[in-house]
Structure formats: structure tokens, C-alpha cells
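Common to both upcoming complexes is chain A, partnered first by chain B, then by chain C.
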Partner chain A sequence: MPNRTTFAAITLVAGMTCAASGADAFMAYVSNEKDNSVTVVDTVTGAVVKTLPVGQRPRGITISHDGKFIYLCASDDDTIEVIDTETHEIVGQLPSGPDPELFVLSPDGKTLYVANEDDNLVTVIDIESRDVLAEIPVGVEPEGMGISPDGKTMVNTSETTNMAHFIDTDSHEITDNVLVDSRPRFAEFKPDGSEVWVSAEIGGTVSVIDNDSREVKHKITFEIAGLRSEAIQPVGVRITADGKKAYVALGPANRVAVVDTATYKVEKYVLVGQRVWQLAFTPDQKTIISTNGVSNDITFIDVATDEPVQSVTVGSMPWGVVVSPK
Partner chain B sequence: MVSVKHIFLAVVLISLSCPPVQGAQGDDPDWPCIQRKVPELSIGQIWTGPTLPVEAADWSNDEVISEMVEELAARRMPLPEAQERIKAYRDTLPPEQRPLRTAMLIQGLFDKMNGERSHVISGIARYAHRQRDMASELRRESSALDVLRNKSGADGNEIAVRTERLTFQTRIFQERVHSLTYVCEVPTLIEQRLYALVKTLTEAPPEK
Partner chain C sequence: MTLNAGISHQSLLAAPRGFGFGQYAACLRGIMLREGLRFLNQRERFISSLVRPLLWLFVFAAGFRQVLGVSIIPPYKTYVLYEVYITPGLCCMILLFSGMQSSLSMVYDREMGNMRTLLVSPFPRWFLLVAKLLAGVSVSVVQVYVFLAVAWFWSVKPPPIGYIAVLPALFLAGMMLCSLGMLLSSMIRQLENFAGVMNFVIFPMYFASSALYPLWRIQEASPLLFRICQANPFTYAVELIRFALYGRLDWISLVVVGSFTVLFLGGAILAYDPANGLLSRKRDTGGNG
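Right after this comes the complex of A and B.
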């Protein structure tokens, strides 16, 4: 009998966690695709601190390593907005090229690699000078962007070509093309640089690519009892700093899969909200936050227990999330 | 002389020869939406509690539940109002009846709204079909007009009338291309409402 429900449990655990927590306050920044805003959420109290009006169709979001600036893809305005995290003002723009969707910051924090979905290009931007350093032609509808921890290799996935393109960041040339499953969405390097995990939304899989041989060494599939396979659509992927666990957002399956990176087995499916899209860890790695596009909320998952501990309502169709370092 | 109207038509007709109007999946001609087609919902998308009791499947035989399902599922009732209605109903139930009545409502809302959603999805398939038929009809008429224009002694009046009609029909086609974005969102809107209703149903009632 459903006398106790998951939703009720989430609310209950949330209350306990908030009351007990004395951790450092980090700020989560969530891009809301539909109402052109960024919601700023205190990760300890779960309170919405502020809602910032931004450019049209905000999607990809990241932060400078010193935590001073948020970079935000305003896709329909064909620009990247720079937001000051102190004043919450838009203080500048970067020349992104048309329809920027996702990007990745180099490990030294100096270069931004942007996927331009409409133009089949990856634009390379020098953050300090705001100059375009290169435009790299890639497959059709580039989207996912990952960078190796040493900054030497960048991986871009192309939605229609179904490929992960490995790009040398010195020469800006494609060195390898790896075929993955249908509609690849996201590329995430393991912290030791040995593997790249690429999710495929329509294929329903995550391809694990060996970074030495540049071949798919394993394909992770997902099965959830009572759920049709079409509803399982892997999108965002994040791997813990110790490289042991991976989290995969599964779109309309409304769950995040927790995967053991040694065995590639799914350890758990965590129910979060509707259409789970992207994920971000807090800098202390104690919490991972999911954006749930259709239920218009974000969910905090406790990394130690992999339990959902709190949901916070944000703007309309939350897409991306980033958390400020201390 | 080439008129603006002719240029407009040419541009639109070139676009008609291109594949579907959105970046659809490609392998299903009846699915023109960018979203991956999920023909039916699974109860696991909205509910992770224990398996619903068998009796819940009989929800349609219960007059009160059946009526509530109709009311709550209909999008004309604003969501906050539907949520209030659920809370009010829950408050009238003796504690021992709550689990079963809640389960019946969940099952009822799921069956009803999943059915509606599937209906919309077949509607989208029909819409895609009609667009394809319309596109080929517009292409046919456009080449017929080209032939006519190049014919010596063609009836200028007929050319004018048919060009006018083609322009008009092409505009309708374009309008329909634009509405597709909204049409494709309807299944998601139904899912969104279903999830929100079930969430309200399963939230613990406030302490009295």
C-alpha cells in the first residue's frame, strides 16, 4: 500500500538535512531555458537567493575557476554572457558564434570551447582578450563538450553525425572520430584522463571511449523496471573527482543513474524530477544537483548515500547548472 | 520581371524539398518533433512507491473517483485549483481509506492522461502526414505554374489566379510549420500536469 511515498520521503529527509547541515554555503546557478533567467540557489538552505534576467534561451552555463564570473550561453541571442557573481550584473559578452549551446572551460581557465549548433563549428575563445582564436569545423549539430584534465584534448559530440570528435587543442585539428550511438549529448573525461564517457539520448546508452586507443571499450545500457526503454534518454554525465562513481541524467525517465566506474554497473536509479537534463557537483563533492526541465525544479542528491534530499523550484525549464567554488 | 511574390514562393518551395521541418529522428516519418517519441508513459515515470494494489485498476467503477479523474485531468481546470481539490478530498477521507483511494486516483489519472497523450501523439502523426501531402501538392502546383508561364499565349489571368492561390496555400503551410513547435509540446504538458497532480496526491498531509 502506498502509505508512504517517495515524494513525502524526499520532503522529510530534506527537512532533516537542512536542519543538520552546517556545511559551507555554495551558490548554484541554474539556467532556465524558457523564461530567460538564471536562478541563484543557496545550496545549504535551498533558498532561492535571486533570479537574474538574462539573454534569450539560456542553456550551457559554467564558471571561472576563481568563481568571479559565470559564463552563460544565450543561445537565441548568439552570445555568451558574462555575469559577475558578486553583483549579479551582466558585465560583458564573449563572441560565441551563432546558437551557442554548450561549452567547456580549459583546465587553466583561460580558453573557452563553444559548440555552435547551427554552424557545425567549435569556436575557441580567449577569455581575457575576448578574441576568437579558432573556428573548428566538426560534424552536424555539435553539442557535447569535454576536455581532458591536462587540457591537451577536447572532445566534441555531434548530434546528427553520431560522433565524438577528438580535437588537439594545440593544432585545433580533429585527430580522431569515434562513432557512438544516436544523438550524442555530452562528453565527460574521467579525472585521470583515461576515458571519455559519451551519452546518447536516442541510443539510450553511454559509450566509454578509451582515451589511448580512441575506441569504444564499453557501452553502458540502462534498464528500469516498469519503464519503457524510449523514456530512458541519457544526457548529462558527471564523474566524481576520485573517479569512482559516475552520475548520468536520464531525461524523461526522471531518474539519475549512479554507475560504478570500475565495473560499469548501474548501482542505483535516483528519482529526481521530470526530464532530468544536466548535473553539477558542489565543490566539496558532497552533493550533486540535477536540473529537471519539465517539473521546473532542481534536486540535490547526497553523494555519500545517493539519496535525493531536497527539491527546489526554479524558473521555467531549467537546463544547466553550475556551483560556485568557495 | 521577377516579383517579390515569386521570390518568396521560390524560397519556400526550395525549403519544401528539404527533409522534415524540424530535426526529427529520421527513422519515423510520422514523428516530426525534435523530442524523442515516447508513445506511451510508464507508471514508473510518475510513481516509485510500492506496486499499486489490484483494486486500484477498478477506479472507473467508483463514481466519485471517476468524476474526480475527469475533472482533474482536464486542462481547463488550472493546476493550483486541481491541487486544492485533491487536498480537500484527501482531508475528507478517514485515515484507513486514504491509501486505497489515493492509489485509485493515481491509477485513474495515469490511465486517463496517458490515453489522452497517446491520442495527441497519433494526432501529431496525422499532422505530419498532412504536411507531407501538402508539401508535395505545393511542389506539383509550382512546377505546373512554371510550365504554364513559359508557354506562349498562356492565359495571364489564370497564371495570376493560380499564383495567388499557391502563395496563400504556401503561407498556410508555413504557419503550420511554426505551430508544430507548440503541437510537439502538448504531450509534455500532459506529462507535466500528471506528475504535478500525483505529487500533490502523495505529499503527506499537514499535521493537524
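Right after this comes the complex of A and C.
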């Protein structure tokens, strides 16, 4: 049948084109909150490479700048685990203080700033000596952590106080408190350091804070046809390295909003899995990955087209994600 | 029938009546040209054939947007909106309606006596029918591509390779549905009976398939209905097109659609054979034939 041959030929050509255009492969590490594991996923094939057993309730996850170590908040074990990306073994722990949820690594890769949700503290840890350098009292239920590109200012958001706390990283003192909408979850600096974007889960907004004046200069709202406004709960925020586009995970709205950082207009809503939580770019910035907590999968979104490409099933309740070079 | 087909086949090869490949091609071109001209002259038909699936896409799919997007089913690799899900079904709907429309035109041709002009042609009858079929399918495939172009602006964007890969799938599915229409037209005595075809063929075929909802959803609702959908060849036509649109080949659908095409086409050729087909019996009643 000529149809079959044509089909086979087309499939073959399609397959070859896909293989030829294959981007660099990276490894995505996804923390699964419920089944105490980290899933390692190849970002090109979408294949699950390995599942690592880790401490209890893994949430925040990040990677050292050289890509050698994963740092993981094991919230219910009150510790930060260090995982070797070569051997996939847990090689150490950092003294995080109780219930670490989210953290941020300083631009020089030497210091880790950890939000301790239960103790209303931000713990500052020196990675090399594994010493606690400082404990900074902040608002109630600290969570979101962001750091300026020059490493001089750190922002923590407290979920119940509804504030973004600006902390000087030299003095470890709070310099400014900015009131944002209800339950701020995440803070992300623009790559040029001019703005901090803070998402508010219950408020349903993202506040754009001017880093010079420390005032909210714009509030981004979201509207999705056919969805109740309560279902739109912004959580994770990521801004492209060129500073032009921002991606906001909208929780139970099952969408990732693409925002133009110049106009603050939402350009598109990308359909992903259920209860989308955190986001991470691949190092080449070609793909952004979302963790979808309820549908137990992650979705790869093409940054050039903002189209969802593929969803991959990982562990139970994926929370955070970080991508390392292979 | 087998004998007849055999003879016709031989006649094609040896061309004892003096017909070479060129003559066959000319005949095919003539029939295709007629079908194309007929289509072009009926703007209303073109618009109505496009409006129908677009209404489904714009209105119906908007209302049902929240129903889907829960589970990932092949060939999709991620979550899709309902619009994206029903697009292959709507392509198939165009082919289905078009197939039935061409069957309607055959009934009309017979009533008006044009059919005789075609059937008295010295070419083998099977060739004339297949040529007529190809002409009808080509017209409907063009309609599908126009629909897909409009859908692209409605954020239904399959990969570029899909637009090429879907062509053979559309032709095969179109052949199946058009030959079904041809088979039916041989059984319809009068033009008025076409409403019956709508009620008894088009609607059940369309609704009891995977065109509007994934089969796992139907299975949850009713296992019996699920079985019916599984037995419906239209389901396989939809799936063949769905997979092809994403550059993939669903072998089961290909085999099912291919087999039904042969079955329906064979039936239609048999039915239009005045020597021993149904048409001879229709002669006394069919219009002014």
C-alpha cells in the first residue's frame, strides 16, 4: 500500500529531523514531596534516568554553580542534604535549622540562605565550613528567597505577615519591609537587579518591587477565561536571563503565565499539569520545566514558542526542580 | 464480481479496447475536473462545509474546555485543550459529511439521468467509480486543509511535519467514508431518503466514536457504549488522523481503516454493477432511470 510506505518514510524523516535538531542534554532534578525522593530526568529525551531516595518531605532544591552538588531541603528531617551529581549519593548535610522549605544560593556560590518556615528565621550557612553564619528573624512563616545578582541584597517573603523583607547580606539586617498581597510564596530578582518579583498565592497577584525605592511599582493580575479567580494562585516565578520574559506558575489553575517584563502584560497561559508549583530553566534557556504537584508530573515548555512540549511522570507530589549540565 | 474485476483488471493491463494509460488518465482528469468545478461553483457548499466544524471548534469546544486536560493520552505528549483534542475528529467530520454529500450527488445524478452518461462510458465501471471517489476525496481533503489553517489561528498547532503526514491518512479515511457513501447511495431510492442517512449513519457514527471524547472517558460512563465506539470504523479513522497529525502512525487504525475501505469499495463496485448488482433492481424505481 503506497500509504504505508509514504507514512514510514515520513516517520523516518521526522525521527531523523528530531534527532538532528536535538539540543544539549541536561539533567533535571525534581524533589518529590510525598514519596521522599528525587527524580532525575533527561531534559532532551524526557526519560526518567534514576530515582534517588532522600530525606523526609523534600521541597526546595538547588545546585552548586559548578553543577557538582545538589542541595535539597529535607523539611521534616530539619536538614539540607548534599547530593553528588556524579554518584547520586548523599554526601553530606548542612545545618539548616528546623523545617527548611526554600533557599537561595549566593551568586558566588559560597553561602546558602535558608527559610525556616516554623521558626520565622532565615538561616545563613557557609557551605564550605558548614557553619551557621547568622540567624535572621523575619516575619511569620518565611518561604520565598531571592538574591540580587550582585549578592548584596537578599529578599525573603513571609507567608503570614504578607511582607517581602529586604536583607543586607553584609550586616544580615533587614533594611526594608514591603507589604505585598496575601501569602507571598516566591521572590525573584530581575537579572539586572532593578526589580524583585514577589508572587502572592492567595492574593492572586505578582508584585513588582522597585529595588531602588523598595516600593511596589506594579501589580500583575491574572485572568483565565472559564476559571474562578480563586483557582489562580501564583507560586514559582522565573525570569529569562535576557530579562525579557517572566514565567509565573499559577498553582491550581494548571497554567504557567508568560509575562512581558517591559509591559507587565500576560502574553500567554500555557496549559500544564495540575497544581503547578515551581519552575526552572535549562542552562541554555531553551526550555523551562514546571513541577505539577497533583498530577505527579513535570511539563517541558519551549521558551521560544511558549508551547508545552512534553509532560513526564515523576514521583508523588513533585515540588521543586533544578537543572544541571549533564 | 471477482471474475468481472479480473477481466477489468486485465483489460487495464492489456487495454484490449484500445485504452492506454493516457486515456485512463484523461478520464480520471475529466471526472476530477467535473467534481472540482462542481465544488467551486457551489460556494455555499464550501462555506457550509467549513462553518460546521468551525462552529464545533469555536462554540462547542469553548463550552467544554474544562472537561478535558486531565489525562495525557497518546499521541499527545502533554496536556491539551479540548479544542486541540477535537480537531482530528472535526477533520474526520468534514470527510464524513463530504463523503455523504458525494453519495447524495450520486443519487441526484441517477435521478436526473446523468449517471447513465457516466456509466455508458466504455471504461470499466470500477475505474469510473474509483475515479469518482478519488475526485470526491480530493475535494474534501482540500476542505480539511482549509479548516486546519483556520484552526491554526485558534491555537491548534500540530507540529509542521504533521501537516504532511496527515495527507495520506486523510486520503485513506476519506476513501473509506466516501466509499461507504457510495455503497449507501446505491441503496437509496430517492433523494428524500437522504435525511435517513443523516439520522442512521452520520450522527451515530460521529457521536459513538473518539471524535468528541477520549474512549477512556466513555468507558467510565458506559462499558457498552465503549464497545460500540470500539466497533465503529469512524473511531479508527479519527485516531489514524490524530496520530498522523503528530507525525505518528497508529498501525491498528491503519489496518482497520484500510480493511473497511476495501470492504465498502468492493460493496459499492458490486452494487453499481448492472449485471449482478443492486442497481439493476433499482432501475424500475429509481427516478427517470
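In this text, the second predicted complex is superposed on the first by the 304 of 326 C-alpha atoms of A that agree within 3 Å, B and C clash if a C-alpha of one lies under 4 Å from a C-alpha of the other, contacts with A are read in each partner's own complex, and residues count from 1 in each chain.
As a working rule, contacts are C-beta pairs under 8 Å (C-beta built on N, C-alpha and C of every residue); 3 or more make two chains touch, one makes a residue touch a chain.
Every value quoted in this text rests on a predicted model; they were computed, and no experiment measured them.
Within the superposed three-chain model, A:Val272 lies in touch with chain C and out of touch with chain B [touch as defined at top]. Touch criterion met: A:Gly226 reaches chain B and chain C at once.
Once the two complexes are overlaid on the shared chain, A:Val155 sits clear of chain B and of chain C alike. In the superposed model, A:Val124 lies in contact with neither chain B nor chain C.
In the superposed pair of complexes, A:Pro252 makes contact with chain B only, with no contact to chain C.
Contacts of A:Val309 after superposition on the shared chain: chain C is touched, whereas chain B is not.
In the superposition on chain A, A:Thr299 makes contact with chain C only, while chain B stays out of contact range. On chain A, the surface touched by chain B in one complex and the surface touched by chain C in the other have residues 1-4, 6-8, 11, 225-227, 254, 271, 274 in common. Interface residues of chain C facing chain A in the complex, by the touch rule stated above, are 62, 65-66, 69-70, 72, 77-81, 157, 161, 164-165, 168-169, 171-172, 244, 247-249, 254, 258. Across the complex, chain A meets chain B through its residues 1-8, 11-12, 141, 159-160, 182-183, 201-202, 224-228, 230-231, 233, 251-254, 271, 274-275, 294-295. On chain B, the positions that touch chain A within their shared complex are 23, 25, 36-50, 52-53, 98-100, 102-103, 106, 188, 191-192, 195-196, 199, 202-204.
Remark: chain A residues 1-4, 6-8, 10-11, 13-14, 17, 46, 225-227, 254, 271-274, 297, 299-300, 307-311 touch chain C in the complex.
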